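Below is one structure, written out as structure tokens; the observations come after it.
By written order: A, B, C and D. Residues from 1 in each chain.
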């Protein structure tokens, strides 16, 4: 990237409704307790696969459409207008580069999910709503590649390594940090972030009972997730209503 | 069922207050945290044992009396008026067919209940409010009869197998899916759905302490449940007030 | 008690503010999550040691001063005015009879407390606010004296046995049922009901860590409770403000 | 301190905005569930290192700027105006005396934190937001120095012993009592109090899974905490907005 270059070209105007949905996604995940004062959701630009949309650095409960910025996949702002992006926008761009199928990403630090990044117990798909976990939930430990760090995904290199760990899955855990959930559209990413959190709680409680767990196997998960993808609009409408003034 | 047949005959007009109570039941269980963006309550038609009433496919927190549809026990709508039923209305019809005594059913996916469908530990009646559990809480594993599925109770066959597992009990768990609670009237089904969830939480916490649990035995449960059935109106009134505009 | 007898004499008029505080106590414990749709608080009549005041049978969140009834220690209403008392008013009268020092009682079914009535692990005083537990928390199992029952404290005999188990302590657990907390005044009983619930949660979480617990011993508990008794007005004022229109 | 002496000199007028932030800090920690009806936050006087500012004795949810008092490091009020300080202001002064770097302190009794003061399991830094815990979290047991007490930090001696246990760390636990979190400014102390509570919950849940925990090590913690200190304003703004009328 040359110095003094002009800002990168935008992927083009985006419908106001799309921007409002992306902003609502942040507020939804805050309202539902998946995000706290941090956490962010992004989506790939609907008209340009090399651009993505994401809030400026702001508590997710406060995000509105005017806070949405557009970035290149090298994380440059197309039109900053004085706004500052999250440093972890690299996490998003790294996944968009590695996964052409992914259209939206949610990244947060839900307390119920953290334990599964700290111990050897893998996350399971405890019920149909969490069917997308049945394909497996990899854990990214930044130490493996980068040694001692501040654990922030603040560079293209770190993001690329994270995306490699994610591979073709729907969710990746970040050791001592949080999770990222991806989807073929915004609603799917939000749905998965939410039920990653819920299923983590269910699994923690199930573990207290001891013994083997008859979770969804991979094939059941694939079939049940198809149902989720066809019906998650019902949850989205409810959740959006709660955060729409 | 022949093609082009007329819609099935309705069981007759139902009091507006009954419809409003059925709608309130959905909102109550959402308000109390037993339902999330999914979950549904039904009741047998008060004047026709071969019909039942149930919301169209809608987040339970949003259900009003106008969303209530009437179905035959083969799950055909008597008057759809453009409304779409839940695919899992089959779960309800299957139980109404197998259990003439059952007048109302609640089905949800409460996170606290899921663990008991995944492990060998049976649910117990941890206290008087959950006395209806003392008779035993069977677990339905759809794999046993149908192999790999999407785990949805979306056919008469699946519902019949579930009802067979329920047998004469008040609650059945569905592996990796949720629970169904039944009652002799709407208030009883709601009361049981609520205290199934609470008792599950109590049992999970008790398990963390270790050692045998002096839960209600079957006879204590029968006697304590008689008290619940005589007094659950107090809870209903409180809960309904919270969800009535 | 003869038939057709006149109603028992009242202990005399009670300040409106006292009645409002007693009603607020019910609403406080509901608002704070200690009571659900059931639970009740009583106080000894301020001018007559053989009378006590307690809400009619009503969800505790809804109690107002007009719902307060006066009872003899044999549980007869002094002036029913068409109102129905809780059947478990016997629990209260039994304790007032056995414990002249007790001026107020709260009885509820908090989910966090139930586990300690089901297993052998005794409740401990996990921190200063729960110092009143350090003297010991006995468990009443109704089966020991009465065999199979509906577990309701619905008679003088059952209440006397419960009071005997309580002995000189501040809190008694009822197996598969709930707890009763007593105090030298209304605020103390409410404070103890609240922190019985909180300390139960703390102990459940501590148990998950394993190993011995350095809880308050009896002498520390006695000293720390003296501080609580001198300062619980701060909590009362905050809690009351939340439930006062 | 001589009798009949004049009140100690104030450190000087403090900006109204500073006083309002200090009051907001109490309300924030109550609103976020870290404080209950008790708990207090203080800050060193911005213009005088031998004075500190702290609310009068009042439930933290109710504190406003007018409730802020100024104290010497011997805990005398500079201008009481009829207001009564918390007896535990000694806890604050003791830390300010021992730790010249500390500019703000929060002390509370969060239920999730209590367990780690009762057992041998040390608190860990389960994720980046709790990075300040990675340096270690000492436990102060008042019995070790003072034998049987009411466990209140109500004297300079007790506070000095507590400060000695805190040493150069960010958080100290008080056995069967609570915690104190310190920071280089008010926002940092509040941030640390909040994430001490959250990380305690995470660790309790992780413990239920068993096995070693890949928590942040000391060096990772140091690096991640630098990020927190640069970004905690985002959380502060969100939290403050919630408690500002």
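One rule holds in what follows: a residue touches a chain if its C-beta (ideal position, glycine included) is under 8 Å from a C-beta of that chain, and two chains touch if they have at least 3 such contacts.
Note that the structure is a prediction, hence the values are computed from the model and not measured.
Centroid to centroid, with C-alpha atoms defining each point, subunit A and subunit C lie 48 Å apart.
Centre-to-centre spacing of subunit C and subunit D amounts to 34 Å, using the average Cα coordinate of each chain. Annotation for subunit A: residues touching 2 or more other chains are 208.
If you sketch which chains touch which, the chains form one closed loop in which each chain touches exactly two neighbours.
Contacts between chains, counted with the stated touch criterion, involve the pairs A-B, A-D, B-C, C-D.
Interface of subunit C with subunit B (complex): residues 36-38, 57-59, 61-62, 109, 111-112, 114-121, 141, 143, 148-152, 175-178, 204, 207-208.
Within the complex formed with subunit A, the subunit D residues making contact are 125-129, 198, 201-202, 205-206, 208-217, 219-220, 223-224, 226-227, 234-235, 237-239, 241.
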